[in-house]
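What follows is a pair of complexes built around chain A, which joins chain B in one and chain C in the other.
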Partner chain A sequence: MEPPNGSNTEAIVRIQRFNPDTDAKAHVQEFHVPRVQGTTLLDALHWIKHERDGSLTFRRSCRHAICGSCAMNVNGRNILVCKTPLEDQLDRKGRVTIRPLPYLPIIKDLVVDRSTFWKEYVRVKPWLVPPQTTPAKEFRLSPEEVAAVHNAETCIMCGACYSACQVVALNKAYIGPHALLKSFLRVLDPRDTIPGERLADVGTDEGVFRCHTIFNCIDACPKSLNPTQAIETLRKLAQKRAAFEAARVERQRTIADPIPVPAQSGSEGER
Partner chain B sequence: MSNPETIVHDVIVVGAGLAGTWAALVCGRQGVADVGVISKVHPLRSHSGSAQGGIAAALGNVRPVEGTGPRGPLEPVPPDAEAADNWELHMFDTIKGSDWLGDQDAIEIMVKDAIAVVYEYEHMGCVFSRLVDGRIAQRRFGGHSAPRANYAADWTGHVLLHTIHEQALRHGVKFYSEWYALGLIIEEGICRGIVAMDVLTGELHTMRAKAVIFGTGGYGRAYEITSNAHANTGDGVAIAYDAGVPLMDMEFVQFHPTGLYRHGILMSEACRGEGGYLVNSKGERFMRQYAPDKMELAPRDLVSRSEQTEINQGRGIGPDGKGIYLDLRHLGREKILARLPQVRELAIDFVGVDPIDDLVPIQPTVHYSMGGIPTDKDGQVISDATGTPVVGLFAAGECACVSVHGANRLGTNSLLEASVFGRRAGEAVARMVKDGARLEPVSGDPAESHRNGLRQMLDGDGEESYEQIAVELKSTMTENCGIFRESRSLKKALQDVRLLQARFRSARVMDKSHRFNTDLLGALETKHLLTFSEVIVAGALAREECRGAHWRTDFPNRDDQKWLRHTLALKGAEGEGPQLSYKSVFIDWKRYPPQERKY
Partner chain C sequence: MYRSTGFVSFVLRRFTGVALVLYLIAHIWVIGSVNGGPELFNARLATVQTPAFKLAEIALLAAVVYHAFDGIRLMIVHYFDVTEYRKSLFYAAFVVSALLTIAGGLPILLFALQG
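Coming up: the complex of A and B.
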């Protein structure tokens, strides 16, 4: 049956509902939501929950795209609903469809079970393993070394990439773009002492060599990050693991020493 | 709801932001093997991750270029040059920022530990921004006399939170993600555990431990416009109060000067630390009149009050005149992209303005809770003005009140406080467990009363939604207990809160299911808002002076004779308000006696 049209004053928000305790299968429910300037999709979900149906269930917290709670599938794309205006997602008939992140078990309505996602995150040992002896002050990292991992350090672990990945969909043993991006962060960090072990762990058929470079992760990432590029880098490094390990040992010999500063530096000595 | 198993740990931590996770990590790596952390959101969703601008520590890595004055451009301090900053300066700035209500012994610990804590974050993998020679980069922040905000672009909290969570996993800490604490088990003055709900199943568990640590965060959600996450509903504060623990200095609620207009979403103080201006509808940099020396980098209470004064006198911006402009254009594209990338995106996404080209509409936004659960310097919760401990109960971070922030917190001191005192609480608890603390017995089934209470909420079929009650609470708190307060407005707020408390008893929960019932959680959170809001208002009504963030228009001066003291609020008998008493402030009268506070 064709869903009804929205109007200038009302949007039709179509939401996939499912409570495994009571429902045989998922169904789509329609809500008429006022079209108010500045309303985000999250505002619309809150409006429905408070004004129409308190049992509508979704995750959210920070509401400004940093906590990673509210990734959902909207009109077929994985996005964060907190930073997305309702108006931008309405079709010509004033409708929008919100579903839970695909390929993950549904806990209730828009809440998915991210267990495998977190399992893979832990699997890559997301923590730094620093040198045994630490300096009195900081390890010295150059602005360039920090810039190289900029991409990875800002990942908010929302799961949008993981649930958009065709490889994840077909193969639950695949580590996934989020965890490989985290592994990239650790491998590239000059302070880490086990880059060889990490490259061995991810340089496998369940890791970087399973990626088909379909680029769905890049399209899905709400922070404009590039997991595919990180995976490509890890592939290359995995193939010259010994040399990379040796270079790391060499780098760590001077890691507590000042980085030599070229004569011409920025006005505030920083980038 | 059935009677599920009792869970036992050596240590239970409630809340997985910086404070709670630090405590858990320290316990873990000091050999307390059995640590459980419960969090109502996944640990990496905690609100610590929203912090943007930096964490304070007097590392002395940068200084103003010689001859350019205190607001001049910054340069790395040469290796052989004298230190440009030290913990004593940080200490004085924090005391002055607190309007002398901060306890100076606790502040001294914080500013000294700051340096070690920041280096420890660095050693654990935190990706700070860097100077060209590899040292941690620093920027200016409001109320600090030296550039000592150590930062990672403008997502400092995010990288600190991820770093500490990763290390806690490395040390075997067990996390209960999406578990919600309902109550403390305190018998004969000894804390024996908590009652908590597994949100997924809706089942209630008794969780027993030798020590419980609260790191449950702040309470900004009691107001309409706030930078706080939806999760910041002061649960731990309300639970402690209901269990008979007093709350301290709750009337001190910080308004941050730069929340996005109508959203309240934070535009980091780093915007002004990097040189941004505040401008009224006439295009004037109005801070000249309020803080001629520090200008936009005066402390938050003063800047927010100045903005509100401009707004009240008709020089605000926006359709309702309740906004102010933040001007970053002169910083230039390169600096904004390098130092403030997140806030730029937030401005584009939420108000449709690119700060590179245009003025950003902002307004004061409720941001931080200076008050909370009173503790000593090791996070040990105390139950009265003499410091009697609630054995087995600890608290740290925004839910706690040590007190290092007094009447007003300085920017970048919150990530610091959560880290320093979370770490110290962890050390104290690890010592306690290793010294042979016992698992105290629990009588009866502590979950039973909570189970009955929840059943009543689920079975009730009241007319009114709890959300309507929350909306009205936020409205009266904003209107009557905001930046400016007076006796009449506070009395109105108190009356409103009590009426709303009464109405809440017949509020309706629409979702009747047990599985992942966020409607039930919303109702419980609203109950918590109502509980502690009464304490905020009662404390504000009693405190007849202006100090820091507490500004009484009917008592326009600071009154050290009467009010240089902390408020303690103990839950009264049914139908009565909180019982207020007072606790002296720790002041080093020789070194840091109270002074007039000017910027």
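Coming up: the complex of A and C.
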């Protein structure tokens, strides 16, 4: 039977439902939601929960695309529902389909079990390991060193990349793009003292060499980050680990020193 | 199932890779029979001269060409910072493979039709 269409005043929100206590397998349920300007997908889910079915279960928290709780699969793409307008996701028939993040066990409705996601995250030691003697005032990083890791710093750990990765789906031992991006952040941070250990941990066939360069992590990231490029960088560094480690030791000797200001050039410098 | 051009390229890469391994086994089966004498070799060679195998040769050409250009695409990604061109690179590899398959497949097809 042809599913019903939405209208100018109502959208049809199709949601994958699964209650482990009563359902043998997941099914899709449709809800008619008012089309109000400015409504996000999260607003639509809240409306359904408050007005139609209180048992609808989903994760959300900050509503500002910073907590990473509300990543879901919408029309086949992993996105944050809190920052995505409902109107942008409706097809010509006024419908949108929301499913839980793929390749992860479903706990209930749109909530997935992220245990493996966090397990792999902890595996790469995501914390900074600074030198034992810290500078009296501050670490001095050059603008280039900050720019190199800026991309990775803005990850919100939403899991969109992890659950979009087919390598994760096929091999649960794979560390995953989220954790490798974090490892990249720590490896390239001049303050970190264990880059060699980190590279040894991720430079394995469960780490950077397991990536099949499918690029889904880039396509899925709601913050437009580039885990694939981070993985490519780690691959190169893992192959010259000893030299990189030696360069880090050398760099940390001057990490409290002022950053040299580049000499002015051309006519500007002659003034 | 998370669909994307990257996923399509991954599936094609795996599929053509397995196909090439199977082809190599068949190839060794035929060529290796030369040790069994001319009669055995000719008999096995005759089994792969049928029209169906000619069509399979075109599929083999497509698999070889795509697998090669997909490999080149991946090497470009590995050695250069070009992830922002990921879709263009995939389409380029696919189109070049298709053109070469047509260019190489047509003579095979015409030869097969001539009997």
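What we mean here is this: the second predicted complex is superposed on the first by the 261 of 271 C-alpha atoms of A that agree within 3 Å, B and C clash if a C-alpha of one lies under 4 Å from a C-alpha of the other, contacts with A are read in each partner's own complex, and residues count from 1 in each chain.
In this section, a contact is a pair of C-beta atoms (placed from the backbone, for glycine too) under 8 Å apart; a residue touches a chain by one contact, two chains touch by 3 or more.
What you see is a predicted model; the values in this text were computed from it and never measured.
Asks: Check chain A with both chain B and chain C modelled on it and let me know: fit or clash.
Replies: On the superposed model, which is not a single observed complex, chain B and chain C fit side by side.
Asks: Applying the touch criterion given at the start, work out whether A:A148 contacts chain B, chain C, both or neither, answering first, second, both or neither.
Replies: After superposing on A, A:A148 lies clear of both chain B and chain C.
Asks: Given the touch rule stated above, what does A:T22 touch, chain B (first), chain C (second), both, or neither?
Replies: A:T22 contacts chain B only, not chain C.
Asks: Tell me the contact category for A:T213 with respect to chain B and chain C: first, second, both or neither.
Replies: Touch status of A:T213: second partner only.
Asks: Can A:N78 be said to touch chain B (first), chain C (second), both, or neither?
Replies: A:N78 contacts chain C only, not chain B.
Asks: What's your read, chain B or chain C touching more residues of chain A?
Replies: Here the partner covering more residues of chain A is B.
Asks: Once the two structures are overlaid on A, work out the angle chain B-chain A-chain C from the Cα centres, in steps of 10 degrees.
Replies: Placing chain A at the corner, the angle measures out to 170 degrees.
Asks: Does the superposition put A:A164 against chain B (first), chain C (second), both, or neither?
Replies: second
Asks: To be precise, I mean the smallest distance between any C-alpha of chain B and any C-alpha of chain C in the superposed model; what is it in Å?
Replies: 19
Asks: If I apply the document's touch criterion, which positions on chain A are contacted by chain B in one structure and by chain C in the other?
Replies: none
Asks: Over in the complex, which chain C residues touch chain A? Could you list them?
Replies: 1-7, 9-10, 13, 74, 77-78, 81, 83, 86
Asks: Within their complex, state which residues of chain B touch chain A.
Replies: Against chain A, chain B makes touches at 41-42, 44-47, 49-50, 59, 62, 73-76, 79, 119, 122-125, 127-137, 152, 155, 158-159, 162-163, 166-167, 169-170, 200, 229-231, 262, 265-266, 338, 342, 345-346, 349-350, 465, 467, 509-519, 522.
Asks: Which of the residues in chain A end up touching chain C in this complex?
Replies: Residues of chain A touching chain C: 73, 76, 78, 102-103, 163-166, 212-216, 218-220, 226, 228-229, 232, 235.
Asks: Give every residue of chain A touching chain B within the complex, in rising order.
Replies: 19-22, 38, 49-50, 53-55, 57-69, 83, 107-108, 111, 114, 118, 122, 125-128, 130, 134, 136-143, 145-146, 149, 153-154, 156-157, 185-186, 189, 191-192, 258-259, 261-262, 265-271
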